[in-house]
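What follows is a structure written as structure tokens; I'll ask about it next.
Chain IDs A, B, C, D, E, F, G and H follow the sequence of writing; residue 1 opens each chain.
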Amino acid sequence: MNSETKKTLEKLKNGEITVDEALLAIKKEPFEDLGFAKIDHQRSVRQGIPEVIYGAGKTPEQIISIARSLNEKGASNVLITRLSEGDAEKVKTEIDIKYYRDARIGLLGEMPTPDGIGKILVATGGTSDIPVAEEAAVTAEALGNEVERLYDVGVSGLHRLLSHMDEVMSASVIIAVAGMEGALASVIGGLSDCPVIAVPTSVGYGASYEGISALLSMLNSCASGVTVVNIDNGFGAGYSASMINHMEVKK
Amino acid sequence: MNSETKKTLEKLKNGEITVDEALLAIKKEPFEDLGFAKIDHQRSVRQGIPEVIYGAGKTPEQIISIARSLNEKGASNVLITRLSEGDAEKVKTEIDIKYYRDARIGLLGEMPTPDGIGKILVATGGTSDIPVAEEAAVTAEALGNEVERLYDVGVSGLHRLLSHMDEVMSASVIIAVAGMEGALASVIGGLSDCPVIAVPTSVGYGASYEGISALLSMLNSCASGVTVVNIDNGFGAGYSASMINHMEVKK
Amino acid sequence: MNSETKKTLEKLKNGEITVDEALLAIKKEPFEDLGFAKIDHQRSVRQGIPEVIYGAGKTPEQIISIARSLNEKGASNVLITRLSEGDAEKVKTEIDIKYYRDARIGLLGEMPTPDGIGKILVATGGTSDIPVAEEAAVTAEALGNEVERLYDVGVSGLHRLLSHMDEVMSASVIIAVAGMEGALASVIGGLSDCPVIAVPTSVGYGASYEGISALLSMLNSCASGVTVVNIDNGFGAGYSASMINHMEVKK
Amino acid sequence: MNSETKKTLEKLKNGEITVDEALLAIKKEPFEDLGFAKIDHQRSVRQGIPEVIYGAGKTPEQIISIARSLNEKGASNVLITRLSEGDAEKVKTEIDIKYYRDARIGLLGEMPTPDGIGKILVATGGTSDIPVAEEAAVTAEALGNEVERLYDVGVSGLHRLLSHMDEVMSASVIIAVAGMEGALASVIGGLSDCPVIAVPTSVGYGASYEGISALLSMLNSCASGVTVVNIDNGFGAGYSASMINHMEVKK
Amino acid sequence: MNSETKKTLEKLKNGEITVDEALLAIKKEPFEDLGFAKIDHQRSVRQGIPEVIYGAGKTPEQIISIARSLNEKGASNVLITRLSEGDAEKVKTEIDIKYYRDARIGLLGEMPTPDGIGKILVATGGTSDIPVAEEAAVTAEALGNEVERLYDVGVSGLHRLLSHMDEVMSASVIIAVAGMEGALASVIGGLSDCPVIAVPTSVGYGASYEGISALLSMLNSCASGVTVVNIDNGFGAGYSASMINHMEVKK
Amino acid sequence: MNSETKKTLEKLKNGEITVDEALLAIKKEPFEDLGFAKIDHQRSVRQGIPEVIYGAGKTPEQIISIARSLNEKGASNVLITRLSEGDAEKVKTEIDIKYYRDARIGLLGEMPTPDGIGKILVATGGTSDIPVAEEAAVTAEALGNEVERLYDVGVSGLHRLLSHMDEVMSASVIIAVAGMEGALASVIGGLSDCPVIAVPTSVGYGASYEGISALLSMLNSCASGVTVVNIDNGFGAGYSASMINHMEVKK
Amino acid sequence: MNSETKKTLEKLKNGEITVDEALLAIKKEPFEDLGFAKIDHQRSVRQGIPEVIYGAGKTPEQIISIARSLNEKGASNVLITRLSEGDAEKVKTEIDIKYYRDARIGLLGEMPTPDGIGKILVATGGTSDIPVAEEAAVTAEALGNEVERLYDVGVSGLHRLLSHMDEVMSASVIIAVAGMEGALASVIGGLSDCPVIAVPTSVGYGASYEGISALLSMLNSCASGVTVVNIDNGFGAGYSASMINHMEVKK
Amino acid sequence: MNSETKKTLEKLKNGEITVDEALLAIKKEPFEDLGFAKIDHQRSVRQGIPEVIYGAGKTPEQIISIARSLNEKGASNVLITRLSEGDAEKVKTEIDIKYYRDARIGLLGEMPTPDGIGKILVATGGTSDIPVAEEAAVTAEALGNEVERLYDVGVSGLHRLLSHMDEVMSASVIIAVAGMEGALASVIGGLSDCPVIAVPTSVGYGASYEGISALLSMLNSCASGVTVVNIDNGFGAGYSASMINHMEVKK
């Protein structure tokens, strides 16, 4: 680490460069060589962690080009989110991705072997929440987590959720995905004893206001241990859950 | 009924008045004597149904004056809602009301004997919701209903609610009072098989937005059979619940 | 009821199973056999009560599959809401449903004979509110209610409503469906003496904000006895009205 | 009119001033002497039309000073709106105003004799709307209109309004003042045949949102002929109504 | 007027019917014969006043059918608003309407000769506001008003408006149509001395929020004499302006 | 675990009770003895985990009473949040709490020795955010975490944050507390490689709308790994951060 | 300047016209000849400043016609904003414009040589913000500014921005274009020492609410020197930046 | 500049420290000595530029302490914004500040001699906007600008503004301060040819929503060259205006 700056300093010490040349060299890349490069470094330190391309608003050609460029820079795995089925078909003609339709995710490379602390449970209130839930689930799997799915256990059929207390109690992190009134997050937060990441979905009509109702409900959850991500942000929930599930001791 | 109009017509028939005089008389009070008076009449047909004074923004003097006027017109019971403790003290010096502090309600006259179809259950998510719940409960009692209270059974302590399934299943109407994320209404709606009236409360902070969060949550409830009243409108919920609990066959 | 648990206990008593085996058996289905099964049971106790499929966002194939599955489990009637005419055509090729076009509802099975306490009146402010009103009306009919329709009686033509006071006064429950300023609910609430369920519709433009204006108007109704459901939620209104119209004594 | 500019031009013609002096003189007061002065002129052309001071946020001293200054400039009548009772007391010690408590208006000078086309009717939904209604009524009276008051005729007691159809039908302009659901404006708009100015009030609680509910309701009125002013803007309604009631032929 | 009721009373007086029969007859049509019929009557008292069909959401077939029905009931003129060009073509094949494309209005019958007090000025801030302005203008013309148009005089080119002070000062009523920041209404309100009806339009992007910005701006206008109608409600503005422009003395 | 149900079953097996008595006993406490008791059990399994009293809206007397009751039930530590300084003084006269003024938290019992995976970093954008940050920090400490504070490092003085990259990079969990534009969470999320919990605060004025601006900003963070809690919810952030910092393998 | 009025006055002085004729002439064009014409004059005083056509909502035919008309009036350069690629193709068949696809801008005439005080830096948070940024950049170039582009330097990759401090520090004006959480403006405002114009974009999903989140974030920026334009208003930002970059001493 | 890093490098070159020691030293203060210090340096490069303390939410003691600390660090001038009159009195007992009451600003040190490009014009719509305008004006003066004030020239008295076109046309930067409908910014933007900074104020009532109406109006201004700051943010407007008025050539 800091090898470039170190080399510069050594060159200065050895009289190969002047103080002014050293100063210029240091100023030129302050962030890449003064400790800030840790940022990107640490993010890829675990093997198989994919680079991510946010596919929405990008053409298949752009996606192919970015994916190839990441590949060349050494990324073994690349996750392409918000990728429509049609675009996935086009991308496939050029790159060998596996497409997860429900999740609208394309994956270049292999799914890694799970290496997290425990299991991540992804639960949904209804069947319409499944695409967002799958985005979270596949993201988490691609980041090296074992994922358990528990779909359509919303409060209007509360007994279904209560029948699966085993899964709820044995999860390390729970992702609660729900639209409409978003009560699922609170109910799970009240029953479980692990971190719960709530994902409001834009499912619903009328006063659900494309997810505001669920979002507010989740932010106001009376249950402790619930945090929230943006509406329909399955990727963000999966990413955060994976971070938590890979917590380890720092010196 | 229609006695005034009938008398007018009889006078006309008997030649006591002219056609024009009859026409004028009829036009003068079309609504009080042409069937529309049914409105007020029917509302007081069951014995002991109180007249209601909305106390907020009225001085104790105004309340006393209105209550006396209603009394003189024959109202045996008068319910005064949104009555602060201080104002209640002042009203008491002039009229013999019983004051329900938690409910902020003053009652002139006797609590009627319950005569509804069944019991009304009033449940709250937290202890802070109790004033609104009490407004609903005392209103319902004053309108002739047996009321059961089940407080602080919100989703963050879901097992407390689940321990009281007997009360939930045996109610005729349930009033679910909750602030914050308002999930209680959905949970009760999903567990019970009777009409549920949801009352959002302005309890909470931050993104609860004085009840909007709970309101939206309740409007979007996935559970069938849930209807909603205005934020903090305990009176309205108690009134509607009583109407439902007194349903009877009309010819 | 509780027959499974009872059998388990009897087996234990008889020495056929051990305490641990009994414990495991009991834990396995706590909700289906410990009183909580009452939930679904009670909902179908009256004959002919249909199961409901929320059709929006489901393919005709999915709807056919779910309907068949419900049929096999014993549901004689199945109500499919939010079913477009095109999808209804496709469903019909496989299942024998009757399609109510205005209501966007498909019904598998026969309309039950009305067995409620009285009549449900469905009123609308304008002609554009009719689809939502029909959803409420057909839902109520499918749940065993006699329904009377009173359309296009909004406040801009108040005399039309006033000319139908008979229907208003003889209803057991009224469903008031209105967009724009939503005043119909308040006007009916002020004239009638039965529970009123208000349904805001997304009809309108400009500052009607897809139903918010009507929704707020209805929540703030000065008339007692008015409760509100979500924007365009005709089904919810019909369901709640039917529940109220089938109130009966519980022991 | 244009006498100053005309004089300048005549001076130029007569050789008393140079072209440059004329140009400078004309540029100096382009708006006061080039037709734009019509603006203020026309506003005071009818006798007794008061100048207006918006009292909110002004100290009694400031109000006294402005009123005196207007008086010196020839204003016989001065209307001071949003004047609290306490401040009115202080103003009275220095200037001889008449204070209208409900309207929170102080008037310096005499109420003019009504000279409008017809009567202005001011109606309110409830008793809490009266202060705003009185602001409208006293403003209209001070601007030379006959005003009729019809208070507490909101939709929850619709028969009271219907009993006063004579007043409604004989008004030239109606000001409908209502909070909560604001339905009064629509109902009156649907019954009357004259311009209706709707004033939403901030009366209410919960989802009335300080007048938004009434405002939206009024903007979405299905009844033609209804226009709206700002929440609680009694003055603006009175002013506009007076303008309409003083319509006359322009050449 | 009241002839039916009068006849009933005379029959009673003459002994042709009994008191009960008279009572029943009176109750049967209380609004049509007890003065309330004045409502519709007065609206059509001036010759040529058209009936109005709100075309949005109606099929050409429905429009044709309603127009014919109105025609049969004696309406010489029928105004069809929010009528798309395509639908107008279809309607024309059956009924002889004149179509005003910019205004999206179809007119069955002849434009009446203007008979108002003065001229109605319709002004817009930009060229994109013209469709709404034309809806107002054509409506006003169809209701018997002389209309002057002053388009694209918004505040970003204020000198254009100031160059037309003659039109502004000579109008009886001004309709100010503007999107974006909606300042036109305030500017005109500050310059003119007649009633101003402000119409916010949904023109704009970003934080114009489909007309909210203009709506709020207009409601908060510092200029007296400005009232507001719903976003894009050209018809309502034209209708109200015509009412004002036809003010006359009532006894 | 399940000892009560087990005892019941053993009594049944031993013939001490009948099948019906066993059934009744089991139904009576289904949640406390059928595995659901795990909920509360697990929450207190680590030593020193405090019970929590939400102090807002409770009187000192109520707080004292609840705290004593929890103490009697065996809670060694009790955390009282949203406790004003005045109320804390009153509570101290009866119970021996330590009061953290900035955090508005009272603690009954001893601060536990930190036993989490790593350190929790609490950062704020400005000095006004400190109370919310302290609520988070003291909560986390009371739940057994080492906490590092980094205050007033908002984006307007970005170099201050950049000077503390060591703390940012060595944290296990970061709590980013900010009002106004809430950019701190994104900046930290973009620089760090651990879970970030964002807490919007109601600090600001004008268009900060009591925290909405910061809340939306945080929900829309482009940086992965950021989740959000309610406005001003320092407790919730501290609680969730502690959960994450105590992640451990479940079997 | 004022030549027309001057001529009129001289004619009057010379007896060529009467006082009344002079008065009429002056009133006819008060704004064009009494100093107000300065407005348009000054705007075109620097050579090459283009006239601007807002292309959205205009047909290619309308654009061609306006452009030609401006050209005839002497405008050498015409900028057509919000011009779709398809429409540009059609315009090109008639007029010789250069089309900037990313910026959706057509330019008739030549790009002027930059003559501003310094460079304008246009920075974006992400790649999706580029169209808005290009609208700003090309506008600024067409108004005579040297523009430097720095794209995709948002806070999730803060090191990229920090690596370009030279560009940031050497800019005269910076335009910060960002959607989602809009933090870029604050970060740049905190790092730079020149005026920053923030442009929120409608890029994002969920709770970004089409740019509201970024807009609020930017308005609440803690960094001094940041002002804001409407969502997606690249043109306005480029125009204002150019104004600032062309500041010069006025006498 | 960079003297510390330079010294470190020279020490290394001279063998006084090792490469590792040099590396450590450099990492310790990367931003203060690697060019980023330019930030703070440049901000104080013009003489007399004050440091700023945001007074809101700070005690007089805190303000005194911060002011002294800034003074010791060499700040000759310190501006204290949002300082109440009461707090100013207390601060004065310890530090020699001059207090500007309308602006709620305290100034330690002397007002600098204006050295900007031209004059800054501060205009308000009404008298209630003056405190915000004064905050802007005094801030600008304290930053070395000549300021002209033009108060109470809102659109309801447009002729007053038009009578001051000289001031409008001769300003280098204009700050337009307005509440209510905020039209002033658009009107000035349409009349002037220099950068306009719009400041919405929270003045108003009803649907002005504490400045939202003015804010939206200003953001949607049709006039080019208008940018906006936060509601009531007079300081920000003054600061940005001063930055623009001090534009100079950068190499």
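Throughout what follows, a contact is a pair of C-beta atoms (placed from the backbone, for glycine too) under 8 Å apart; a residue touches a chain by one contact, two chains touch by 3 or more.
This structure is a prediction, so every number in the text was calculated from the model and none was measured.
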Task: Interchain contact steps from chain C to chain F (minimum; 1 if touching) - done: 1
Task: For chain H, the least number of touch steps when starting out from chain B - done: 2
Task: If a chain touches chain G and chain H alike, it appears here - done: A, D, E, F
Task: Which of A-H and E-G has more C-beta pairs touching across its chains - done: A-H
Open item on the list: Need the most distant chain from chain F, centre defined as the mean of C-alpha atoms.
Closed with: E
- [ ] Taking all residue numbers used at the chain A/chain G interface, answer same if over half belong to both copies and different if under half do.
- [x] different
Open item on the list: As a quick test, compute the distance in whole Å between the mean CA positions of chain C and chain D.
Closed with: 50
Task: Centroid distance [mean C-alpha coordinates] between chain F and chain D, Å - done: 56
Task: Where chain B and chain E are represented by their mean Cα positions, the distance between them in whole Å - done: 41
Task: Shared interface positions of chain A, touching two or more other chains - done: 30, 35-36, 39, 162, 191, 206-208, 212, 215, 219-220, 224, 230-231
Open item on the list: According to the definition already given, which pairs of chains are in contact?
Closed with: A-B, A-C, A-F, A-G, A-H, B-C, B-D, B-E, B-F, C-D, C-E, C-F, D-E, D-G, D-H, E-G, E-H, F-G, F-H, G-H
Task: chain F - residues contacting chain C, complex - done: 2, 5-6, 9-10, 12-13, 15, 19, 22-23, 26-27, 30, 34-35
Task: Complex contacts: residues of chain D adjacent to chain C - done: 125-126, 154-158, 162, 180-183, 186-187, 189-191, 204, 206-209, 212-214, 216-224
Task: Touch list for chain A against partner chain C, complex - done: 128, 159, 162-163, 205-208
Task: chain B partner contacts - residues on chain C that touch it in the complex - done: 35-36, 38-39, 42-43, 52, 117-119, 165, 169-172, 190-195, 197, 215, 219-220, 224-231, 235-237, 239-240, 243-245, 247-251
Task: In the complex, chain G residues that touch chain E - done: 29-32, 36-37, 39, 56-57, 200, 202, 211-212, 215, 230-233
